[in-house]
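Order as written gives the chain letters A, B, C, D and E; numbering starts at 1 within each chain.
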Amino acid sequence: MRQYFGRKLLIYALTFFAAVTINWMIPRFMPGDPIQGLVARAQVADPASVDAMNAHYRNLFGLDVPVWEQYMNFWGALLRGDLGLSIWAFPTPVSDLIVRAIPYTLALLIPAILLSWWAGNRFGAFAARRKWLDNTILPVGYILTATPYMWLALLLAWSLAIVAGIFPVSHAYSFSLTPSWSPEFLGSLLAHWVLPFASLFLVMFGGWAIGMRNLIIYELEADYSNYLLALGARGKLVRDYAFRNAVLPQITGLALQLGTIVAGALVTEIVFSYPGIGYLILQAINSQDFFLLQGVFLFIVLGVLIANFIIDAVYTLVDPRTRVRLQGAGA
Amino acid sequence: MSQADQISLPAESGGAAPGQPAAPAPVAARRGGDTLYFALRNKKLVGGLIVVLALLVLGVVGPLVHTNSPTEYLGTPGQSPGGEWLMGTTMFGQDVLAQFLHGLRSTFLVGALGGGLAAIVGMAVGFVAGYRGGLVDEVLNMLTNILLVIPTLAVLIIIAAYLKVRGVMVEALFIGFTSWPWAARAVRSQTLTLASRDFVDLARLSGVPTWKIITRDIAPNMSSYLFMTFILLFGGAVLAAATLDFIGLGPTDGMSLGLMLNNAVRWSALQLGLWWWFVPPGLGITAVVGALYVMNVGLDEVFNPRLREM
Amino acid sequence: MLSLHSISKDYRTGAFGGATMTAVRDVSFDVGVGEVVSLIGESGSGKSTIGRMILRLASVTRGKVTFDGADISAYRGPALKEYYRDVQGVFQDPFSCYNPVFRADRVFAMIKEEYFPRVPREEWAEKIEAAVEAVRLNPGEVLGKYPHQLSGGQLQRLLIARALLLDIKLLVADEITSMLDASTRIDVLNLLADLKARGLGVLFITHDLSLGNYVSERTIVLRRGSIVEMGPTNLVFGNPLHPYTIKLLDSVPRLHEKWDVDAERPAEPAWAVEPLVEAEPGHFVAGYAA
Amino acid sequence: MALRVSDLTVHYRTLRGAVKALDGVTFEVGDGEILGLAGESGSGKSTLGKSLIRMDGRMRHVGGTVELDGKELPIGDDGAMNRFRYKEVSLIPQYAMSALNPTRKIGKMVADLLDSHGVRYKSVEEELGRRLDLVELPAEVLGKYPIELSGGMKQRMVMVISTLLDPSLLIADEVTSALDVSTQKAVATTLAGFRNRGFVKSMIFITHDISLTHQIADTIMVMYAGKLAEKAPADTVVRAPRHPYTKALINSLPEVGVQYAERKLAGIPGSPPSLLNPPAGCRFRDRCPLAFDKCGEQPPAVEVAPGHLVACCKA
Amino acid sequence: GCTGGGGTTPPQSAPPSGAASAPAAAANGQFPRNETLYTSGTQYGPPANWNPIREWDFATGTKGLCYETLFLYDTQKGEFTPWLAESGSWTGDKEYTLKLRQGVTWSDGKPLVADDVVYTFELGKMETIPYHPLWEFLEKVEAVDPATVKFTFKEANYQQFANHLYSRAIVPKHVWDGRSEKEVLDGLNEKPVGTGPYAYHSHDQDRMVWVKRDGWWATKALNLDVKPKYIVDIVNGSNEVALGLLLQNGLDLSNNFLPGIANLVNGNFGIKTYYSKPPYMLSANTAWLVPNTTRKPMDDPEFRKALAHSIDLKTIVEKVYGNLVLPASPTGLLPQWDKFVDKSVVSSQGFTYDEAKAKKLLADAGYRDRDGDGLVENKDGSKIELELAVPNGWTDWMESIRVISASAKKAGINVEPVFPEYPKLVSDRSSGDFDLMINNERQLSNTPWLYYDYLFRLPVQKQQNTVNFGRYENERAWELTQDLDRTKVEDVEGMAKITSELQKIHLDEMPVIPLWYNGLWSQTTSTAWKNWPSAEGSAPKNPPTLWRNWIELGGIYTLTNLQPAQG
């Protein structure tokens, strides 16, 4: 058990190391000089001023020391939770921006992932029951999962928000409110959340449904299912068993999907101007704020790693096979 | 990287790969005309194939027949579909139909190229890791796992930002080089099971070199599996490209469906009600990818006799 | 001709290869020219592993295997290819020995491609026909077919024919009959026995004692990777000395003797690694105390 | 008579037509009898076994009836058969190693299964314990996952589960073929023990190994190409077979002690006919050394001695 | 009309405070629609600082709503209006004396004094402060008495100084004193203490909220009042979002470039622009095509002229912009500077899109198509392959240069559009590593001097950060520009004489090719507020914008002229 997790941790550590290194390289090896951009924005013409400003910002961003030292400093700062300053929202620390955006992204992602996972699995299992269901309902799943996140988001925004006017089109809460625990504010939060959530939910839902359908068909063909059927067990029991077993690979699937899901959340947030991490990325790209991009990227990697680790742990907990294997009882 | 993973992930522990046969069933695949018989009778496969082919023809032949330039300002801006402009015009009076046709073309290009490249890399890694085993496997596996965890879109964004001019090709290249890990993993596990089959040992006993064993003995046995992997990678590449295009990191010259979406949004087609500008490209992507996925299931049923009759 | 010098094989097991498992432990024996040696033991006792080590399909963890005096572990590339000219194997499952995607003849084509690239086509065809006839098959009936169109017995014999193409000296036959029906099984065995007469050495791996008994002159009984008893077949079967061998023989269903169904099952003899002791001339028994 | 099968015909639907895997098979199994079912691969043994408990999707009940304890089994009707399964007819599958749900504790699975039949787990718990004892399994296995059991333990567990409700008929399909000799013996004797203790009334023991069948079966039925070739008390089949196929089969079996050098055994040349389009008449005709004109007609199974049926006109 | 703000008492000189600590101001956290002005189009990132020194990224309204300037400048009339200053005049050749307005108080209650002005200008002595160049010709600033400031110059750059007079936000010395250079430059200044009509209320990533402050000096002194109690400025994530909000009446004033707005203005959506017909907007700056004059063949004025003639501006204006912009005059001087345009020069030397003319110019200058690909080669026969760069993602410009490329190719000039990322473009532009690009980095101002400063500034530095990106060197033009700077602001005729000379040089040499005037993007709705600036009738004529540096160009009057739509 310890070995297994030790090894997983090694992979995670390596991934993290690689990610951080790539990350560190972002602003340094990007075409164009972020500092020059910053200075240029200040519209300073006087050569002396330009030099002074350049020096000032180079120092501020720690770019005035040798490259290896920058790298070391980067790690140092990282371990202190310091992701540097944003250029887009200068001089706000990148970590502040991320911390502010996280709740929104999580509020979208966590319910969307969990609910779509749950509902998709149920639905897929349901569709696998009958041939006709499989041929009529399941195609919905294919269409949904083949839909680009942003397109579904656009369609929802257009139809339900712009044309029908039922939901707001953008942002996280009404501009006529300041954050508080008032019912108006919470209601506004909810109303703004529905569409981005729905577009994420639907696309993922399709994917899970199909995954479950395919898995459960294999499970229903498995020997243990045949044995139960031969012994006259009720169909429900067999399906229940098949479902439980099919859900397990879906957990691993969840881990592998995280990257994609994050990307989906990203474009969805962009469509709805939802002030989460994805929106932040877009802004970082548009304003070429590499420090922010760096921070967000790092954060995503970290998030995905942690989520992966949790899923791994959950998986080993729920699947007796891995658990037993890990304890070496099988050997 | 792609949504495709969702329906194709070969579950590590479960053994069964959703959307794909747990183990390729080439024996059945070779039994005379059975495969063809089932293939032709499989509604999912045939339906999917028809849609894909129809769209492919549209994309390939369309621009030759409908010769309007997708970027030139040809008509009155913001014309709704019908009459002179079958699918209307954009804010600038560009022909949406021309854009759609060219977009389809590059969609297929990205899919084929990106998916193909990913398939090649994934297969190479998967074959070598699965067949060689040992340290090679460990290292490749580690690499695969790392890439699998890193959100590739973020990497793509970074790489994309490097280039002054990005074409469809370059985009396909990126996607190809980042979306292979799951395929590698799937191929590896298949190779592992195949490599332990006796005919592989027999080939070794016949003095056949490793690369020949992989290409001539192992790969043909997984051909259906590999083909399905390619299909899923294809779909995944199309979606990934659409995402990139949408956030403005798509091709800077050329037209793609994702770019159409991006342009439509940037130029407020939603608010201005120019639905014909953003509905068709998304529909095109969905149709291509969805049809591919449906085809994949159909193929699965064809190749895997167990699934033929549920 | 072939000698195993105290070879062992460790497999790494556990979820991530933490533990090791010794599949074969200090096994030594020889196979001489024209000799059939049968390797008997229950499932998992390491029989196939030994066969695979001899065929260089698995590495040897400790000890060495020599063929005509040369250590085979040193063979690489062309040398290994030459080794395979002399030593070949046939495996348990004839169906999985053929790549289902190709015609069954491909097993011959591979040999030609690698070993006889310059032999003209007609000559080669004759050679194949000869080999196929040697295993008592009708070339017209079996050549050019897909594996699934042939029976297990036919496939198995084709594999032997394939080995014969190379004019081999030693054949490792790993459970080559267990997938066959009783009625075809005996044909394959008879074929082996005939080949032996031509000077071919055979390592006959099986868990079916009666089969081992049928064809071999010497028998080696393996248990959990170690040899427990070894000697001329008639001595091992006629006078089994190790309790494990006795139990094994006792479990063999015989046509003319019935088990006592309700009798207490003999307890599994305790397992320990014990040195081989020569109980009678040529008959070695582990931990034998006369 | 516990089981009476008359003229049972079962086909497999395939693209190229029906595979006549079971073609008019008639036999009986008495109370307390173990019927050993032997025959070449593809002769229809498993098909027969499956027909009696659960047909898979491609099998089609074409004709004939099956009567168990005087009641007709609706073998063609999957739903109706459910009433009989487990309680009346039970099965030990060949795939015992994978027959247990890998993610469910064994005890829980048993409870679920029983619950499915309206039997309270509590009411059989004690008996279950006794039987586990009998097969030398500790009661703790019920709290374990299948993966925690060795192959042999799983096999015994499945045996216990399958017979828990004391079915009239137990079908054991190739339960020993994957095992090595010592385990094989243990399993086979345990099965016979079950019969002796009355856990099951009668049993069909399917294997292609005649020497093994002979060890525990009272009667042996030899099938050839979807038809009954010979059915007789075990000793009779082994010592005095009447059907040429049985004879050839017995003669091709090497025995411990028999060596090539001393006595060369002979196989049966040729291969069985395709069941897609089986030739009319005796199906063994092509390989039979005794075949003559009359074999062009289908020979009926004739009772040549009490309990000894042979389907051959030369017998 | 002076109606306070709906009855609720605004907080007494609301102490600017952190995001969380001002909720009392908004009744249960809501901004009543009829008391709130929603704006957007200035802020492209989250409000990150309230530091008036950071003119390029402070939160919208930091200068103008909170901090104020000494004067305002009315671009329409070309007049200076005293604001924090009561008056100011040149009291000597190199001496300017400024009288401060009495009764102006900071939001913390302290009065505005001369020392504040002195302190503000002296901040510019720090090298990193953007207005540091002022001190190249300014010698000293002194407070003569609490209400009088005297500026002494090394050199009297009237035009330039006039610009400073209405551009510099005056900061309170008593609050700022002692701040380090880093704090001054990079400080957030989270608690802005200003003299303006609004005080900080709260902010979030996507919005900035100002609340009206009691006791704004102008109410008493000028009888001006700002009506909206709250100003919620929405961070501009993307134009389409702004358009969406506008359509849902969630925005009162949008200062975004909204493509397709023409349709909406003409349709029945309740959206208004300054003009009801093209170009709909006032003009704000000139977009130029900047050739790199150090590279071949752009070093040849004849080639540049040919290029100028090859640009199909009409398509850009009509198709890309849907007539939202005006084609620029060949001089590039904004319509507001019309009085400085020498019409005779334009008519004799101006250019328009003329493919034939472009071809002829090329041919005459020796650029011929030698290999028959329809594209001309250099005089030495080498191929011409020019890259025209705009930042990736600037969609209207991206579309525009596609048009330019297409029409230039028709005339035989091989121009390829490229879309580098912005920082890359910035560094290429600074170091002169580009062929052609589009730029518009000079806004409308009080003086055409700034315009010509952009065109002709010498010497060319290694890094050209703000002006003369094309590295065009013309001593005479630069002298004329400096002369212009030294011409008194009131001397319009003197200025026009110099600008006429400069226009001749410009059109003769084409160091940059003026293309179109970018609009002062502005769209308004009248659900909550009316009396928006408009060209029509008696409507106010101020620039309807909150763009940074435009509030003091008259934007503040837009606020004071507003009236609630109801009641």
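Worth a mention:
To be clear about the criterion, contacts are C-beta pairs under 8 Å (C-beta built on N, C-alpha and C of every residue); 3 or more make two chains touch, one makes a residue touch a chain.
What you see is a predicted model, and the numbers here were worked out from it, not measured in a lab.
Ranking all chains by how far their C-alpha centres lie from the centre of subunit D, first place goes to E. Interface comparison, A-E versus A-B: the higher count of C-beta contacts falls to A-B. The distance from the centre of subunit A to the centre of subunit E, with each centre set as the mean of the Cα atoms, comes to 40 Å.
A separation of 22 Å divides the Cα centre of subunit A from that of subunit B. Each chain gets one centre point, the mean of its Cα atoms, and the points for subunit A and subunit D are 55 Å apart.
A straight line joining the Cα centres of subunit B and subunit E is 48 Å long. Residue positions of subunit D touching 2 or more other chains: none.
Subunit A has residues 30-31, 162, 245, 248, 282, 286, 288, 319, 321-322, 325 in contact with two or more other chains.
The set of subunit B residues touching two or more other chains comprises 161, 164, 248, 265, 270-271.
Every residue of subunit A that touches subunit B in the complex is listed here, in rising order: 11-12, 14-15, 18-19, 22, 26, 30-31, 128, 131, 134-135, 139, 142-143, 145-152, 154-155, 157-158, 162-163, 203-204, 207-208, 210-215, 217-219, 221, 245-246, 248-250, 252-253, 256-260, 262-264, 266-267, 270-271, 281-282, 285-286, 288, 293, 296-297, 300-301, 304-305, 308, 315, 319, 321-322.
Within the complex formed with subunit A, the subunit B residues making contact are 1-3, 5-7, 9, 11-14, 16, 18-20, 22, 43, 142, 145-146, 148-155, 157-158, 161-162, 164, 182, 235, 239, 242-243, 246-249, 258, 261, 265, 270-271, 273, 275, 278-279, 281-282, 285-294, 297, 300, 306-307, 310. Residue ranges of subunit D in contact with subunit C, taken from their complex: 40-41, 179-186, 188-189, 192-193, 196, 208-212, 214-216, 238-239, 248-250, 252-261, 264-268, 271. The part of subunit E that touches subunit B in the complex is made up of residues 238-240, 243-244, 247, 258-260, 263-264, 315, 319-320, 322, 392-393, 395, 399, 402-403, 406, 417-421, 424.
Residue ranges of subunit B in contact with subunit C, taken from their complex: 26-27, 29-31, 197-199, 201-208, 217, 220-221, 223.
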